[in-house]
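Pasting the structures in now, so scroll down.
Each of the two complexes below includes chain A, the first together with chain B, the second together with chain C.
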Partner chain A sequence: MSSSRPNASAAKLFSRGVNWIGPPILLFIIVVGVWFVVTHLHEIPKYLLPRPEQVFEAAWNQKGMLAGALWLTAQESLCGFGLSLVIGVVIAFAFSQSVFIRRSCYPYAIFLQTVPIVAIAPLIITWFGNGFKSILLVSIILSLFPIITNTTTGLISVDANLVNLFRLYNASRWQILLKLRFPHALPYLITGAKISSGLSVIGAIVGEFLVGYSQTEIGLGYLILQSSAQLKTAQLFAAVIASAVLGIAIFGTVNALGNRLIANWTDTPSDNVNG
Partner chain B sequence: MMTPVTKRFFSLSLLLPLAVALIGCSDSSTNTSPPPNDVSAANSPASVEKIQLQLNWFPEAEHGGFYAADLNGHYTAAGVEVTILPGGPNAAVIQKVDQGDVEFAVASADQVLTGRAGGAKVVAVFAPLQMSPRCIMVHEKSGIKSLAELKGVTLAMSPGAAYAEFLKKKVPLTDVKIVPYPGNVTQFLLDDNYAQQGYVFSEPFDAKKEGGDPVALMVSDLGFNPYTSILITSEKTIKENPELVRKVVAAVTKGWQEYLDQPEATNKRLNELNPAMGLDVLEYGVEALKPLCVTEEIDISKMGAMTPQRWNDLAAQLIEAEVIDSGSVKPEEAFTTEFLPTSAK
Partner chain C sequence: MIATADSHLPLIRAADVEKTFPGGHAVLAGLSLDIRDGEFVSLVGPSGCGKSTLLKLLAGFDDVTAGQLTIAAQTPDAARKAFHRVGFVFQDANLLPWRTVRGNLQLPMELQRAPAEIRQSKIDDMLNLIGLNAVDAKKYPRMLSGGMRMRVSLGRALITQPQLLLLDEPFGALDDILRQQLNEDLSRIWQERKWTGLFVTHNVSEAVFLSQRILVMSAPPGKIIAEIPVPFPFPRTPELRAEPGFARLTGEVTARLRGRS
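Presenting the complex of A and B:
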């Protein structure tokens, strides 16, 4: 527990690191290994399943474009995710204040979850034009709902006795919300944020597909469409892997920040659940 | 004793053979497709070969000849039963032909070359549209009279389309904002500074019907002119059953010649299959098709002809536009005129 022996603690830190990074790396090696063997044993056309080294080559040859695309899509996803977080929490605050608000607005929140983006894409373009704003909107539509619903659940599932206790001490509505309900809702909010982190990347890519732009600024979504249209499957794989890396990076950040936040409030960090 | 981690890996290792089996399956599916000449068919005099023709889009005027061949009985007369499969945005024609899911498909010449660059062994055998119908549709009031003058507009094109990459290379496109093609003419009608891709026999007609003022600027005027609505098959089919290819090419040649001459019955059929294509747009379409199919060099008796020069030029343009890598295709392997009627060779 204590750090009185720096060597031991460094070793512990190292072994903890290996425990974390080791398994996914091992799996990665196995998957790439099987992929390599299969594509070298069978004669599979390149457009169907390129060899791992062809994907690497495509990524390397296009590294400038790929990095630019990754950066643009990262901006879209991060902005979409950040706005979802803020908007979602504000809406959940409102929902937690009255059953009436909740009942009247919930169906419309569910609408966000079920609306087919393809169907409203022309509308989004008409309202906001092609480009960043519209892509952001698609990303928000896709990633908002888990934040609203999870945070609301957390805010309203507070132990009634605790609420009574707060009232006994003449706590205001606002104080109950900030000092009791919100801390209680934090683990829920973080779970919602973890779901949304991946959805925001999907939203950005779908947004680029439908309402995006393509000439000077190329995102991963555009790159995926382009590679697919030209049957450049190796380049397609590289773009898909880049978007997965982006999703994992955002998820990992949310996870780490979340655990740190929760550590102050609970004694069971979600660390063990989500690795 | 296993640690939790090794246990987890143990269960993962059980999944691996499954993954291998799945890939193996997709590989073997090419072998399980019925042999083109099975014994019973070869023995019986009234034998019929059953094959499939995959379209690249929903049935429309650009497929007229393939349907006319069916309506006028040319497939049946040759002893072939052809099922025409309608396509759509994800028709995957190149992949399906290469995998042997279908024997024939309709594609454009640039798709054949990009497909071959990706490892698909597909070959063009018949090219009804000598001139590409690809156009960029602008508003008349924009004053833009040629593609070189395209500036200050929003331009909707399919990401990655070969012609789009070529256009970006050849035209400065000053202040042009390129956006994904939305699949209809709604945005065009709403915005006077909007230009979009189209087929000359389809989108301009739709826009005019809805009260728009479209002007079609042909991409072929820039020199990018891939054969369109071509019939493709696989190297395997050509090698194993050249007679089938000959029969089908002969049938579609007649079909196309008849469609351009008397399109009414075929258009009716197209309209039944794809009600979104009204008889009026189909009528307009076939008139717009005629000058694309029959040119000064290629009269109607030479229907379907292709030249090495055109294929070489196209390959060079695709390399220049960075759609395919230099040296990734041999244009002479991408097509053959072997099966065309003598008049078209």
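Presenting the complex of A and C:
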């Protein structure tokens, strides 16, 4: 049955937790170990590959700034992801209602997926200026498409006999959308949201690269750029690791919430990496 | 109940019904039949003869190409919209996987905006009628056996108290024993509730067991080529299947199906 029962004992929960995060932690230790050994056996300049403890030291020394940057980028990513979710579902609702709307608008949705963000960054700055609004927009542009396309697929792939069942009881278009198409599309939407969750973080960081921030407000993207320019490679590593942790945290939350939402009625979550 | 303007008029009347799909593929041609209110009639025929198509036309899922098809002297679409009294049992159980048994049984009442206070008691009655208990009622369709799913599907179709129930090979995917049990239950429920039943199948003994009348359809394009009354009294019990008369009638219907050989 489902992977989460309310009456599961604490010990069970603990052992499941170990099963979940044990393997990735193990791999992390191995990678850091190899990194440690390699950097200690060979004389590698710090600006090329700092030692693990140097990265940790850099992170510790700058922990206030790093935490601030992480928080700012997290806000951008979460807002970008949340808005993509809402906008994407609304657009998919519209797409599901008529083939004509779908045919006319889909090419422009694909534009979102294919547009080189570098090319339109100057335009975004012209319109919205440097800062939060522009970065949010870049994050949305990058993370919107998987939500639209997955949700639309789910909404329109409903079995014809189920639609017939609803028609038998004279269901309105709205009832069919909310009581049939939307629940049917939920697993698809969740798959799209998992992809988008990572893209929203990428969008926020790329957004900071391109449309930037001032010296007073620093996000992870800006920090990465700045550290790289100043050859502060240890700090660069710390910022990259922080952004990875942010991405994993958002993805993990979406994955867990999504799977829980549909656990009762689907046999296997579509791409549950946790087995 | 659907008010029949003239009590001599049948509930369902088909006169020279023709159905041609886009591309010119004729499924039904010159099909005529009458079904009286309260009757249980089975429709048997070779695959592709348009049995299911006829049911879909009656449910108003599709329109006839030519000829007349009426339910209580109205077009199927109008009859359905005016009275909400047509039920349909699909080939596969066709349940909503994200709803429990209870939620699935509630769906038709929700769509028709039935008052909330009558829903629960109707669901309880229906669970009783289809032989499911309170534990089953909380299960999701994927946790149920094929037979149980079919029972829920039947319950969902009956919960709005239809006057006409259209059954499209509902037990086709079940094994023989289960099919026989469900036939017995269906016959009992029909006896209790007295709706008009039109049952599509290609299992002849199932048709004989359930019906008052069997209509045999031709190879496509389908029309009615024989009408065979089933004289056995109700209630019908499993013993009926062992009687010589049952075997004789089954043989007769089968012979008609194979082309009067």
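By our rule, the second predicted complex is superposed on the first by the 256 of 275 C-alpha atoms of A that agree within 3 Å, B and C clash if a C-alpha of one lies under 4 Å from a C-alpha of the other, contacts with A are read in each partner's own complex, and residues count from 1 in each chain.
The rule is simple: a contact is a pair of C-beta atoms (placed from the backbone, for glycine too) under 8 Å apart; a residue touches a chain by one contact, two chains touch by 3 or more.
Since the model is a prediction, treat every value here as computed from it, not as a measurement.
Undergrad: Determine, for the superposed model, which of the two partners chain B and chain C contacts more residues of chain A.
TA: The larger set of chain A residues in touch belongs to B.
Undergrad: Touch test for A:Leu49: chain B only (first), chain C only (second), both, or neither?
TA: first
Undergrad: Once the structures are superposed on A, label A:Asp159 by its partner contacts, choosing first (chain B), second (chain C), both or neither.
TA: So A:Asp159 only meets chain C here.
Undergrad: With both complexes overlaid on chain A, does A:Leu180 touch chain B (first), chain C (second), both or neither?
TA: A:Leu180: touches chain C, not chain B.
Undergrad: Just chain B (first), just chain C (second), both, or neither: which does A:Ser227 touch?
TA: After superposing on A, A:Ser227 lies in contact with chain B but is clear of chain C.
Undergrad: Looking at A:Ile125 after the superposition, I want to know if it touches chain B, chain C, both of them or none. Which is it: first, second, both, neither?
TA: A:Ile125 contacts chain B only, not chain C.
Undergrad: Quick check on the superposed pair: does A:Pro23 touch chain B, chain C, both, or neither? Answer first, second, both or neither.
TA: The answer is first: A:Pro23 touches chain B but not chain C.
Undergrad: Once chain A of both complexes is superposed, is A:Ser104 in touch with chain B (first), chain C (second), both, or neither?
TA: Touch partners of A:Ser104: none, neither chain B nor chain C.
Undergrad: Under the definition above, what is the set of chain A residues touching chain C in their complex?
TA: Listed in rising order, the residues of chain A that touch chain C are 159, 161-162, 164-171, 175, 179-180, 183-184, 186, 262, 264-267.
Undergrad: For chain B, which residues count as touching chain A in their complex?
TA: Per the touch definition, chain B meets chain A at residues 5, 8-9, 12-13, 16, 19-20, 23-24, 26-27, 94-95, 98-99, 114-115, 117-121, 154, 157-162, 168, 173, 176-180, 182, 184, 186-187, 190, 323-324.
Undergrad: Under the definition above, what is the set of chain C residues touching chain A in their complex?
TA: Interface residues on the chain C side: 56, 59-61, 80-81, 84, 86-88, 90-92, 94, 96-99, 107-108, 110-112, 140-142, 160.
Undergrad: In their shared complex, at which residues does chain A touch chain B?
TA: Interface residues on the chain A side: 19, 22-23, 26-27, 30, 34, 38, 42, 44-49, 121-122, 125-126, 130-131, 209-215, 222, 225-233.
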